[in-house]
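Below are two complexes that have chain A in common, paired first with chain B and then with chain C.
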Partner chain A sequence: MTKKLVTYSYLGLLLAMLYAPIFIIIIFSFTEAKVLGNWTGFSLKLYTSLFQGGVHHSLTSALWNTLIIGLISAFASTLLGTMAAIGIHNLNPRQQKAVQTANIIPILNPDIITAISLFLLFVSIGISQGYTTVVLAHITFCTPYVVLSVLPRLRRMNPNLYEAALDLGATPLLALRRILLPELKPGMISGFILAFTLSIDDFVVTLFTIGNEGLETLSTYIYADARKGGLTPELRPLSSIIFITVLVLLLVINQRAVKKKL
Partner chain B sequence: MQNIANDIITIEHLSHTFGDKTVLKDINLSIGKGEFVTILGPSGCGKTTLMRLIAGFLKASGGKITIDGKEMTHTPPHLRPVNTVFQKYALFPHLNVYNNIAFGLQLKKMPKEEIQKRVMQVLKMVIMTDYEERDVDSLSGGQQQRVAIARAIVNQPEVLLLDEPLAALDLKMRKDMQMEIKAMHKKLGISFVYITHDQEEALTLSDRIVVMREGVIQQIGTPTEIYNEPANSYVADFIGESNILNGIMIKDSLVSFAGHEIECVDKGFAPNEPVEVVIRPEDIYIFELSEAAQFSGQVTSCIFKGVHYEMMVLTPEGFEFMIQDYHQFEVGRTVGLRVKPFDIQVMKKERHLNTFEGIVVDKNHVKFLDQTFKCNEAQKFAVGTKVKVLVEFANVLLHDNEEEGMLSGVVSFILYKGNHYHITVLTQDGDNIFVDTNDIWDDADRIGISIMPEFIKIENI
Partner chain C sequence: MQTKIASYFGRRRNWTIPYVLYLALFVLIPMLLIVFYAFANNEGELSLTNFRKFLMQPEAMNTFIYSIGVALITTFLCILLGYPAAYLLSRMDSARAKLLVILFILPMWINFLIRTLATVALFDFLKLPLGEGALLFGMVYNFLPFMIYPIYNILQKTDKSLIEATQDLGANPRQVFFKTILPLSFPGISSGIMMVFMPVISTFAIAELLTINNIKLFGTTLQENIYNGMWNYGAALSLVMLLLIGFTSLINTESNTKAAEEGNLI
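Up next is the complex of A and B:
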């Protein structure tokens, strides 16, 4: 009995520590106080001012930039990563090992190294820093993750599926589109989601490749804002909205996975 | 061989290599229109490679494949008039039964009604009507197999390739499917090329059987030819049970084996030529010892096998015979044995000695198989002479421990010769060493090999 109590309270404590910060932000997004921690009564003012044109123009435009960059890089890296995974899968075992190691190095590489290398690369080949460089940088570090999420799907697939399609008269391109891609879809979707969240989440690489043309993503905006002294209170409703959105998305995906199994 | 006009597939001098490993060597084969040909061999014999070359999934390293009168050696698979039933079915998991079967027809841009008609037709043929809406994952192994066959034959190919299609099914199911496949072949009238390692399946189904081993065709023939007149001891051992013994062909129609001279029907051997004798266990008569006996012996084991008894009889000369008979003779009984001349199959011996190419390195050593061996005869030759090295099968020593031998290798084939085992050992470098031994080894055992200096004979090339 006591053992059970101890285990449950340990679990409760752990979860509380994990989720406390985000719950505090959500609670305090419903009050007007400028400083976090002061409760000045329930209010939706922060939410309304977040979406009021003009007032927090730079914050909402940073949000849009983040989402668009995230979508473009997730889309591009899913495409590149899937093609790479198919290529890797068809190499002989020794080559496969070599290429996979090459694929994992960028993942293990500290962000700051990736950031500096990309920065130097863009400078040396003379691409002006801005939207393009951020998107290119994000595609670069997202692609290996897509490869990692598509490869297991390929390995588990019946090796004869592609050949069966050819055998039934499909050209290689048709076999890819009609048989291989539908089979890889779950891996591609999880790769896409992973790439999207990585892109939204990224700060270091973005900071080094964003240039100084006034382009801001959410992470660089918050960083700059914090350095100016104090975070804008509107970040509280924004964080809450992002958290809830992600939560709902996650629940939907899990629900789908459960249904598929049945 | 049939004439070219009636052949749907002709394969000439086909070879294939993976890296530096040759998996198919000079394959020549023709398959007639409407014929049921089985390619039979153990795993790793190259049968699947041969099928993949016919289907077009692999590019041949050499040789020519002609399908339906057109040279197709390098034609991609989607342009060949051939369809395949894969071993693990390879049904498309995201499509239902109907769409799996319709896949090939949809690619041909056939009108919907026509597709519908043909899919229903083949579903009826494989006895799967009412299953068209089902998810393929929800089907049993046997049902998936039927759908795989339906998916292939709906395209009305000239040739249907079947790659061990029944390997994943249980025995009872397999027997039923065999009969269905046979019936289907009759109904469709197209050629079937059937790949299997199951000799019984091959004998049951085929018009002709192609026996393969290590990338080489051993024999092509009808099931009865293969069974009754195996081309060599490998085929005799692989197809059915057999007694294989060393013998000497004294003269036409008289062969000596197991210590006796026995009348046979084979002719055309040199006098006293060493041969191999094959006798099927059901062809030996076993009875109470009497005048009629060619061999006498004692029953050492007797096992009931359902239809017959399988008995081992040991002769006073030390040879063991396997006999299958409806009558039981208890262990310990003295019996007489007799074989009709017609039931003795005499085969040319493939080899009499291990022969290697070697070079004399100094007056005590000779080098062959990439290894330097001590050799008593080396002094008779000048250093650097290229020589032929001969070692008798019985003079090769095998060790349990790989490190104990001068060479290491893997047991790749074991043949029981009545009083000893004839073992083929594959060395690391891919050479074969043949060994006669009384010790029992298992297939795929890793062993050490050594040869005593006095047993290495060398002669000029």
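Up next is the complex of A and C:
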């Protein structure tokens, strides 16, 4: 009994520490004050003004840019990473090791090294920085994670299934669609979600590859805001909404997974 | 032409080629560019000026050493706080543990700049001063989940029969922990260290916000140099950092590749 009590109070304490700042954001999203931490009475004004088009045009467009860049990067890295994983699985062991080692480099590199190296690449080639360069950069650090989530599924697969399909007269394309892809789907989906998450959360790499033509994502927008001294108040309700949505989604997925097991 | 392409893609191993080209263009060449810029002066001639400047100028050097110190303390605190949490989670029934692990990872979904600014508000609210203490809190706060997750993953996969065997052989609970459980979880700790130590050195923004611009870490130095157009010097400093990464990952390459294969690095 005491053991259980100790367990839960320790984990509870850590979680309280992790969540304290988030609760502050959520609580103060229900007041109008410009400065985070000032309470000027309950109000939903920040929520309504967040959804009023035009008022915070730059914030809304930053949000859209973040989502679009996230979707394109996640889609492209899932495609590239899945193809790569299928290819790697069919290489000889030495080649496999080489490609896999190269695959971990972007994961081990801190953001800022990836950012500076890509910045130097883009200025050396002389491409103007903007949407394209950000997407290319995001694909660079997202794809390795897709490869890592698809590869284990290939390893676990029965290799005879694919051969059997070919023996029974399926074309390679049909066998790919009917045998391989269904088997890889869970890995591809988790790779996609991971890539999307990494992309929308990225700040450093984006900052170095976004150029200076006024393109903003949520991260660079907040950074510029913070350097000016304050946070746009509407970011509080926006963060709260994102947080609650993700919380509910994850809990639902988890519940379903638990039920399936039972 | 079409049949040629089809037969080319018919061979599965060729499917690696697009990604290998991508890696070459966007990972390998850019990293070589860092080396190239680092060993060149502003006129593009081969020189060691940048490194001489790094060794002679106390400012960048001091920031570098200070950052390593902050990173060491943060990593230590993350292990100290995170290991017990991971251990306790691994002992729970798996459905409940999964839920709690999700709760530990969830804060990462809020943009870290917003979370950091909220931490500033929290410190103001509690009337605590901003500075070194706030910096360490912010760092631990940001990186703790990266320590808990890999350790939890390893502990959860640990073969229970090994622990039982140790008990059967007469070990007391303390011996069971120090002789069996802890050594078996080293790969998790080492991937946790990789996930915490280097990123702390290279973060920027967090330190400025939590110390009202009083303290800066090496990441900020890098960013400032690149932003002020000192590409060569910035590249040299990046190379110094790359060497440090190479050094730390050399120490545990084996456990790294293994951890990455098992998805622990995520």
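Note that the second predicted complex is superposed on the first by the 246 of 262 C-alpha atoms of A that agree within 3 Å, B and C clash if a C-alpha of one lies under 4 Å from a C-alpha of the other, contacts with A are read in each partner's own complex, and residues count from 1 in each chain.
By definition in this document, contacts are C-beta pairs under 8 Å (C-beta built on N, C-alpha and C of every residue); 3 or more make two chains touch, one makes a residue touch a chain.
These figures come from a predicted structure and were not determined experimentally.
In the superposition on chain A, contact is made by A:203 with chain C only, not with chain B.
Of the two partner chains, chain C is the only one that A:120 touches; chain B does not reach it. Chain A has more of its residues touched by C than by the other of chain B and chain C. Shared-chain residue A:21: touches chain C; no touch with chain B. By the touch criterion stated above, A:168 is placed in contact with chain B alone, chain C being left untouched. Look at A:179: by the touch rule set out above, it reaches chain B but stays clear of chain C. Once the two complexes are laid over each other on the shared chain, residue contacts for A:91 go to chain C alone; chain B is not touched. With both structures placed on the common chain, the touch criterion links A:32 to neither chain B nor chain C. With the contact threshold set out at the top, residues 172 of chain A are in contact with chain B in one structure and with chain C in the other.
Of all residues in chain B, those touching chain A in their complex are 55-57, 76-78, 82-84, 86-94, 103-104, 107-108, 151-152, 155.
Looking at the complex, you find that chain A touches chain B at residues 158, 160-161, 163-172, 174, 178-179, 182-183.
For chain C in complex with chain A, the residues that touch the partner chain are 10-20, 22-23, 26-31, 33-34, 37, 81, 84-85, 88-89, 91-92, 95, 98-100, 102-104, 106-115, 117-119, 121-122, 124-125, 141, 144-145, 194, 198-199, 201-202, 204-205, 209, 219, 222-223, 226, 231, 234-235, 238, 241-242, 245, 249, 256-257, 260-263, 265-266.
Chain A meets chain C in the complex at residues 7, 10-11, 14-15, 17-22, 24-25, 28, 36-37, 80-81, 83-84, 86-91, 95, 99-113, 116-121, 123-124, 136-137, 139-140, 143, 145, 147-149, 151-152, 172, 194, 197, 201, 203-204, 207-208, 218-219, 222-223, 226, 231, 235, 239, 242-243, 246-247, 250-251, 254, 257-258, 261.
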